[in-house]
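Labels run A, B, C, D, E and F following the written order; every chain starts at residue 1.
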């Protein structure tokens, strides 16, 4: 159970209600999910997180499915249950089937291994990105 | 400096040399990077990691650039310097320019925030993946 | 459900009971919470953790509310549910309302982003602490 | 060395220069630190991170020193070197001496232990925050 | 609830069934645990993870109990509930009693503290491993 | 470079000097490593960490090599460079050769993968530890 009382859609302040309406319009859903209702206990913070998420989660040079895959990779690495559920549902809605999901997670799993190994052996970088080579 | 003596390409055992040759042929490079040279101190483990990486890092339902982006997202979340350098170089080689890299990292940064917030508020899942909805 | 049988307050060994009594007296509560009852399966370890926590969680140069806020920031970053529940309850008991809690978590969320970004860009330090400048 | 070419203060685009000027005015310094110069490779992302940081790192219900202490606690838990240097310098500038810094870090260290222990014993919450009790 | 439909032991494809049979034979149990049933949604990935786990979790220079203790230490540090339950059950089955488990976890907890402290103080290495000394 | 001025062995306060002497006597070395010299900026905290480490890092039901292996597994998972160097040197001094070290790290790497996978699939526990079965 959440550690704060979730803000109800009906009773929220005008400031919160404006964000809630924008969330529903942008996401084309008719309800506001729990994380937003928890964030609404601090309306300024709610606005900051939503504004930023809305700006970043637009298709740009990177398409939306790739962005949701990144979100899932980060969430699985951090072990955030709420986020894993949310982003798995999102990639499924965007068309990723279970076999492709398995392929994504194979990559996530693999590099959680190599991260631990590269750290453990204190290996120094040898493949330099452009700036470092420049 | 690495915590074990890196295995030299020239002096390695036949078993190690076979993996080294396969790495160079598969990656179309003429040298073996440091992580593999560290792993070669345990030849069986070297084989296990390389075999698995080779199988997973092939284009499948998910293309190679997306896989390297996932690898970068995982590595940035874990803070593995060697891996970040390696995967940033890889996505640049595959054509991602600095602005697009910034867009990828914006997503990585964003969801490291929402992971912390969803955990902190102990929010319960509301968007269920397919199986959970089943 | 915990992975070990929680030690009952009534049946514990004298060594464990002494710690339990000290916990209740120090925290001014009439029950011992679950983590201590799990730790009591190794009485020496119970003593070590409790002695250290008691010494550190006293107001010193840093007041108690700030210390509980630090505890919450660490726990949210690590995603430890038990700890998040415990330290959120503690900061609320010490007077932090939901809006202020939101402000604390905004900071926690923000720096989980910048941590990922600074790692991802492999940025070198430019603002040096005193010793490094010295 | 950073993975992208840091944007120079002099040569930046008007959009980037506006953010750089605001950073210097807000922080009352005469140079822009490296993380901002790396972020400037994607001007929109630079704006998003700066706008959010500026809004959150203002004294509110939580004072600025406490916010920098939280930032340090998060950064130490994540092991982000750049961030640790930056936030240690900030808390020192705001008056925290080495002994008080040691007290802060004692708390950070302590709860990294109890997080691991609470997770390891899979202990269920017993001290409920207000909403969960409500 | 898992985010994918778990593959049933009876209905699996021949490729999956072969892995399931090998899991049961190797572990000397009569059922396949949930993680394997989830991984089976991508049969190739199932094979890769199982083959690797089977090769690594054999007694070698390091005995099996030590390997399961390492697995538990990693899982407690990452806060992976499923894994903690699984590896705690494994070490108990291999003979570790609650007091010894407490001793293991004392070490896990201790070094989660010193990790945070060494990072926070940005201390430079002074005890060098052999290769670095070499 | 460390973020605080390291306390010199010669000039330390009696309280700090007593701990430094005990460290050297216990570890049978003639110098105090950097982490302890950083911690000495807060003498009480120095005592707390040292007392606890000394109590935990004694052979008990778990031998010293296993304890250092656990320390290395935790440090590699957290990516703490100082700690990885220190504990790798320790296991090497206790007799672990490079091949055995590779076997240890194979286990560390493997379970960083399965942790991410079990989290990602939100798999529910099926192998219960004793207390949970009880």
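Criterion: contacts are C-beta pairs under 8 Å (C-beta built on N, C-alpha and C of every residue); 3 or more make two chains touch, one makes a residue touch a chain.
All values reported here derive from a predicted model rather than from experimental measurement.
Colleague: So which has more C-beta pairs touching, A-F or B-E?
Modeller: Most contacts of the two pairs: A-F.
Colleague: Taking all residue numbers at the subunit A to subunit C contact, is the shared part over half or under half, that is, same or different?
Modeller: different
Colleague: Matching over half of the contact pairs by residue number, can you pick out the copy of the C-E interface from A-E, C-D or B-C?
Modeller: Most of the C-E contacts reappear at A-E.
Colleague: Which integer distance in Å separates the CA centroid of subunit B from that of subunit F?
Modeller: Inter-chain centre distance comes to 26 Å.
Colleague: Could you please state the distance in Å, as a whole number, between where the Cα atoms of subunit C are centred and where those of subunit F are centred?
Modeller: 20
Colleague: Using the average of all C-alpha atoms in each chain as its centre, how far is it in Å between subunit D and subunit E?
Modeller: Distance between chain centres: 33 Å.
Colleague: Return the residues of subunit D touching two or more other chains; collapse runs of consecutive numbers into ranges.
Modeller: Residue numbers touching two or more other chains: 1-5, 39, 45, 48-49, 52, 56, 77-81, 84-85, 88, 99, 103, 105-106, 108-110, 112-117, 119-122, 128-130, 132.
Colleague: Touching subunit F in the complex: which residues of subunit E?
Modeller: 1-4, 33-35, 38-39, 49, 52-53, 56-57, 60-62, 66-67, 69-71, 73-75, 77-78, 80-83, 85-90, 92, 97, 99-100, 103-104, 106-108, 110-115, 117-130, 132
Colleague: What part of subunit A is in contact with subunit C in the complex they form?
Modeller: Of all residues in subunit A, those touching subunit C are 3-5, 39, 41-42, 45, 48-49, 78-80, 129, 132.
Colleague: Report the residues of subunit A in contact with subunit F in the complex, numbered from low to high.
Modeller: 72, 76-77, 79, 81, 84-85, 88, 105, 108-110, 112-117, 119-122
Colleague: Please output the residues of subunit C touching subunit A within their complex, sorted ascending.
Modeller: Within the complex, subunit C contacts subunit A at residues 79, 84-85, 88, 98-99, 101-103, 105-106, 109, 122.
Colleague: Mind listing the subunit B positions that touch subunit E in their complex?
Modeller: It is residues 1-6, 44-45, 48, 52, 55-56, 128-132, 134 of subunit B that touch subunit E.
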